[in-house]
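Next come two complexes built around subunit A: one with subunit B, the other with subunit C.
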Partner chain A sequence: MDDMNQFTEIFFEEAQEHIDAMETLLLAFNIDEPDIEELNSIFRAAHSIKGGSGTFGLHAMTGVTHVMENILDSARNETLRLDDTLITVLLETVDVLKNILDAYRFNAEIDYPEIDTAKSKLEAELKRVTEAQGNATPPNDTAQALINPYQNTSASVAVTNESTGEATSDGAKEEEAFGFFEQNSTDDDAGFGFFDDEFTSEGVSADAAPSLSDEFQEECYGFFDEISEDATTNEASNNEGTVKEETNQDGPLLTEELDEESKGYGFFEKPEERLSGFQADSSDHASYGFFNSLDETDTNETLQELNSTVSKTPKRGEQRSPESKTTVGKRVEKAKASKGAGEATSIRVETTKVDNLVNLVGELVITQSMLKLIGNDVQDSLLEKMQTALVELERNTREIQEAVMSVRMLPISTVFNRFPRLVRDLSKKLDKQIELVIEGGATEIDKNLIEKISDPLTHLIRNSVDHGIELPSDREEKGKASKGTVTLSASQKGGEIVIEIRDDGGGLNKEKILQKAVENNVTLPDPLTDSAIWGLIFAAGFSTAAEVTDVSGRGVGMDVVRKNIESLGGRVDIYSKENVGTRFQISLPLTLAILDGMCVRSGEQVFVLPLTNIIESIQPDANQIRVMKNKPLLWVREEYWPLVDLGQVLADEENAKDLSESIVVLVEAASNRFGVIVDGLLGQQQVVIKSLERHYKRVQGIAGATIMGDGSVALILDADSLTGFIAQSEMEETNYVVN
Partner chain B sequence: MSLIEADATSQALAEELLTFVLGDETYALDIMAVKEIRGYEDSTKIANTPDYIKGVINLRGDIVPIVDLRIKFSIGEPVYNEWTIVIMLNVGSRIVGIVVDAVSDVVTLNEENIKPPPEFGTAFDSRYLRGLATVDDHMIIIVNIDELISSDELGLFDAER
Partner chain C sequence: MNKNLLVVDDSPSVRQMVEATLRGGGYQVKTAKDGREALDFCRTTKFDFVLTDQNMPNMDGLTLIRSLRAMSAYTRVPLIVLTTEASDAMKAKGKAAGATGWMVKPFDPQKLLEVVAKVVR
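After this line comes the complex of A and B, so read on.
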């Protein structure tokens, strides 16, 4: 079954997506006004997991999803109404599914008791709800027989016939089947069709050759479902009947063949194998699910055609007729063509490949800058041509770079979407009423960042829910709505992504924090400003929660939050007001690799200032310069701008620059605006950010380094940490005055 | 690697060391730590750093700090000309360049030829020394280069790393 591994991996990834989708949809589900479309989507997700897991013999999963499917099916047929408890149980089941998936994925022990509990819980719920709502159609025998189809393989034929009969009489149950010809398959973006199909054929062969080994039969249960499905169309079922008869006769022959084919894909593989070109495809990722996109009429045609092939093939034995090969071949081609036309395609790529690409593009950008520099020295006749080509190259490089970078960008909702569940569960547990509002989920962020901000965000949200929002009774006492709100928002500001977690809860308690800080021997900051006090909660082992709950209060967390975010080159700021709420603001760099920069000169040294931070550059007039406490300020645009002298803070220059001879670049950082005094502007350039910390250490005012066109190193300025120099110099100033 | 460990693992194995000159003294370091040897080139200065940190250079895409050991340990004259040498070292996962007056030789030494370092009398703190050896009547001072480069005293790396 080695060949299966690559498919199993695809299944795992897709199952993960389906599970996530189910969770999201269940959370968003409005109990009072059920949306049939949403129910359908949830059902389809459960269904795809069931189909896929069945195909791969991941029985633990099949069993659970099946019961889920029963409930969801009744719900979407409006024979059952989902209520809050039922949703909770369904969500719990989703968790169980996640565990099973992980267990299968990492070859861990599967927790069967957990699965059984989940199943019986679901069944109990279904029973409860069904009874409560006086539903007339409890799950019938077909359903029961299908719950664990793999256990029934020994009694295969009998069960099949029975379920076929019942399925025919009970149209509503048609969805029980997860075979290939299922009507939903066209909507199913999961696309397990290919396997279903293969196993369907395998299933037929199993029926035809009941003497096959048990192991093999276990793989074959797909067949029974297929029959019951087929039975929904009389024609098809008649057709199928014929096929069965025929295949039964040819059973022994087939068995031999299948024995040869130890992979057990069923006998369709052979004719296909001989088709040039198809073999490669059948082992190719890209071809999975290609039957899936056939529309329904096509499907029925295919069914019949396949059936006829089925009936022909075994009769001919090993000497397969050329016609039957051609038939299959044509069908395959047609199916492929229709897939190509009708589907928005995406491929899965290992992140290392993308990272590699990003690095290479980085090198390309450097080379392009070098060429540009050399291009300036080219003489006379060639100059113009050269320049045109270079401009072209520059544009193309930029486009390649943007395209490559966009591959790595993902909407931040991929992280945010896991939080509604968290908040729902926590608020239930804590008896609080909390609404989570998500804003700006479409904001795109580098994939590497996404993985790394998830944990810190989880911590902060847990904190807001546990410590921030008060109990409903307390809230009412304070004159607030009993339902608290936690807002999670993301936005892009300049070159940064700003993520905020806001709650309208009690706010941070200054006295408690200070008291705790004293208890823990934390050195108190001086001066003791509000933000300095809030900063104390990032100290290790700090928690002001009165009691330790399993939600939070152990005092690990906040320090980890800050460490994680700082390691990404970001910061956390806290704003809080008693009884109004708390706001955690996380600022992260937009991307980790390339930025547009303005090259500035200070003395002999070149620095790069990120373009996103720059507002404008001016040559100040004497009358724009004001002096306050011996420090020059610049009066521009009806505002006073504090100034940072680049030469003094970062280039070890002795003397302050003469303002009237210099250029001031007005810069906007996350929390501050100021002017940077430089000697000259050298031009705009894209630079590849190279880490200074990789071989050295962090330097205040510096975000990283880059390699210029001539191969030399220039330092990239970090507007945010440059603001530290303003504060510093102001402090020095104050000290001076005091002394 | 401490002396004892080295003793246990490589008694018979001879060790190759790269010798280099600082002022009048000959030093040696484990050749396995050497990435490459190159001529001195101008580096980009980093403000607010001690003077022995010359700055950073571009080593094929990596931004690598350059330390002038002559300044740090006040040995010899820190002159920079076409004969000034930078030894690029692999220290853990990092690359660091050290400026020396010259690179002289590769010597092979057995563990028993290495004598314990004196407590004083060399420019380096004895913490960073592995021992002394004599080759062709010259004393060479064997430096524990990993220890030296990652030391807080040099302050090349953030403390937490």
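After this line comes the complex of A and C, so read on.
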């Protein structure tokens, strides 16, 4: 078919989803308390890939998934327990599936040896587990045997073949695997005769058969099917196992059947017979009525019951119809509702288009603030109308901006979901027992950030697993649980996304870090506070692992980690305590483009302070100002605040501002709080961040620049790097005073 | 002519392929993503043929068939199970549930049309 490609494309995406789902579920799988619903989901995923790949002729996948499916089917039927090794092998198989999928997708060479290895490994595992769990017969066989206790040997050979997973012959096998349950003769009596033979020969209620064929031929069609199910299935399985022999024995009867079989489908009943049978008989409803009650009832009883119910049937039909009418009405509504909710609601858009949209919105925000400025000069008669319209415009602009931004936001779980596998593989390799706990996966983060944060996170997690968590024996010695925990969490705090990697391992070792730093000629910070020492591990060429492992590499990473994060406008903080654990905290700006700011004036210059940093703005009283070592401090909220005079540090003003004449904006940065001295507050405004580095160079205290409504350029302050203007000694003294 | 067919499969690719194949055969086709959705559709529309996958979330194919057979409108409608499991156990279950027949996946589009032509009239 010409348009087959289009479906194959859909299948690729679908298979990718199934593969991801399998991986996630397998990773989360609890060996001790298997969740049947989860097993069902994993099974369905394998099953769907198998079905789809077969349909689309991607046979390399079909074979592997077939074996997986067998294992998973046994597991979900509780005839086989998944153990850790089996999960590992299944995960490896999932990797192989990924490779095959990619190969098909990008028309690459398919690695058949790899597939064969994976397949035989799975088969070997299945065999091992089956034997270990004292299950001599493969589970499929067991199920089969329950239904067909008297099947002949040739049939069981066929079944065994299938369950041992002869995946290569699988396609061919399935082509044959069907049969007819009813004789194909158009002669009804002959058809029943066939069933009768089955009944008597297989020992199913011999009494039932004659009465059936004598009295209830037509209306009992479906009914016959029901009760003779086991017998006919035997017949069918015999047919499958020994198609040729059967054909010889039954001659003409099975010839047509064979025809059908080569077509790859079968009917349980000849359709036209069924139709004619029902059409001819007014009481056909009776037969369905019995479908339900049959299971529990003995054949003979059912026959008698059928006899009496046939006469009751019309009554029953009457009762039924009004009921079904009312439900139909309800269902219509329900169907409509579910349709609305169920339809696919997402589309794929190129990221460049979205980025372009974000830029345009940025321009719109600037235009809007221009208009707002002009609005102030409008003449009286128009002023009120103009102002209303401008307020409206401002609101709409903000909403557009939020909407456009939200397009670019993705849940951070898209990155986090890669890590369970990483941690599992690493801990196996290192013989450690580690549990990865993920929190806040739903936290949304700008798509551009997601791509860039992935590598640093990978590195930090490797680090925690390799260097942080101790070996189980060491942990027990220290009185900790032998299983270590690495927690990966994300949350939104104000305008920032905070990502944390916590481990409950040994913590950072001060002496080792210092020793290493000296060995590697890393300049030691002064003074040597804890956080300053931890910061050393971000220095280039630093690794504290006793020996270099292939997990964490050669210590080329940590400085890159910090560089990457800082290039995103974020920062990393380390907290560590010996034998309690280490916590890496990454703070990232929520979005990269637009921020809510407070415009402040210092002399002739306008600066923008991010709103998220601002605690409050005050006009200090003379009695709030203290002087220590000739530096002014502010006493507010039962606390001493160091002060940064914007005019002096950034605007080249000669004289320090007169504090009692100025306004102090109290600001909270990541590591400390301080006051910013300004001449005035101009108002709150959204600004579009333009990079200063790209056009000029990095300046301490400045995060970027923006264009104001009147076309002038204003600098955006960076609270964190403003703290650099406060002398370290001053910081400590304020702490001292507070204490 | 213009027969109304219902295709039930949780896999969008298979579903769309079957749908396109059957449309190509001149049938009207509606699709459902699982047994529950299919059952809802069947309660409001009478289809002339239902082709259903077996393994699906929410409601599997056999349960769907059992439920349909219990509805007066569907006692005679051909119901075919589409399954990768061509095992006897599966067939026995299909038969017990009241399916008209089964078809193994993977299948050839032509074969599908053949089967449908056989049962839909």
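As a convention for this text, the second predicted complex is superposed on the first by the 456 of 739 C-alpha atoms of A that agree within 3 Å, B and C clash if a C-alpha of one lies under 4 Å from a C-alpha of the other, contacts with A are read in each partner's own complex, and residues count from 1 in each chain.
We adopt the following convention: contacts are C-beta pairs under 8 Å (C-beta built on N, C-alpha and C of every residue); 3 or more make two chains touch, one makes a residue touch a chain.
Keep in mind that this is a model prediction, so the values were computed, not measured.
Visitor: Going by the contact rule stated at the top, is it subunit B or subunit C that touches a larger number of residues on subunit A?
Guide: Of subunit B and subunit C, more residues of subunit A lie in contact with C.
Visitor: Applying the document's definition of touch, where does A:Glu14 land relative to subunit B and subunit C: first, second, both, or neither?
Guide: In the superposed model, A:Glu14 contacts subunit C only, not subunit B.
Visitor: On the A-aligned overlay, A:Gly711 touches which partner chain: subunit B = first, subunit C = second, or both, or neither?
Guide: After superposition on chain A, A:Gly711 lies in contact with subunit B alone.
Visitor: Just subunit B (first), just subunit C (second), both, or neither: which does A:Ile702 touch?
Guide: A:Ile702 contacts subunit B only, not subunit C.
Visitor: In the overlay, answer first, second, both or neither for which of subunit B and subunit C A:Thr55 touches.
Guide: second
Visitor: Please name which positions on subunit B make contact with subunit A in the complex.
Guide: The contact residues of subunit B facing subunit A are 42-49, 55-58, 61-65, 94-96, 155-158, 161.
Visitor: Spell out the residues on subunit A that touch subunit C in their complex, using ranges where they run on.
Guide: Interface residues on subunit A, with respect to subunit C: 1, 3-4, 7-8, 10-11, 14, 41, 43-44, 47-48, 50-52, 54-57, 62, 69, 140, 143-144, 147-148, 151, 155, 159, 162, 171, 174-175, 177-179, 181, 222, 225-226, 229-230, 232-233, 236-237, 240, 263-269, 271, 274-275, 278-279, 284-285, 287-288, 291-292, 317, 320-321, 324, 327-328, 331-332, 334-335, 338, 342.
Visitor: Within the complex, which stretch of subunit A touches subunit B?
Guide: 363, 605, 649-652, 690-702, 704-705, 707, 711-715
Visitor: For the complex, give me every residue of subunit C touching subunit A.
Guide: 10-14, 16-17, 20-21, 33, 37, 40-41, 43-44, 53, 55-57, 66, 69-72, 75-76, 78, 80, 84, 86-89, 91-92, 94-96, 98-109, 111, 114-115, 118-119
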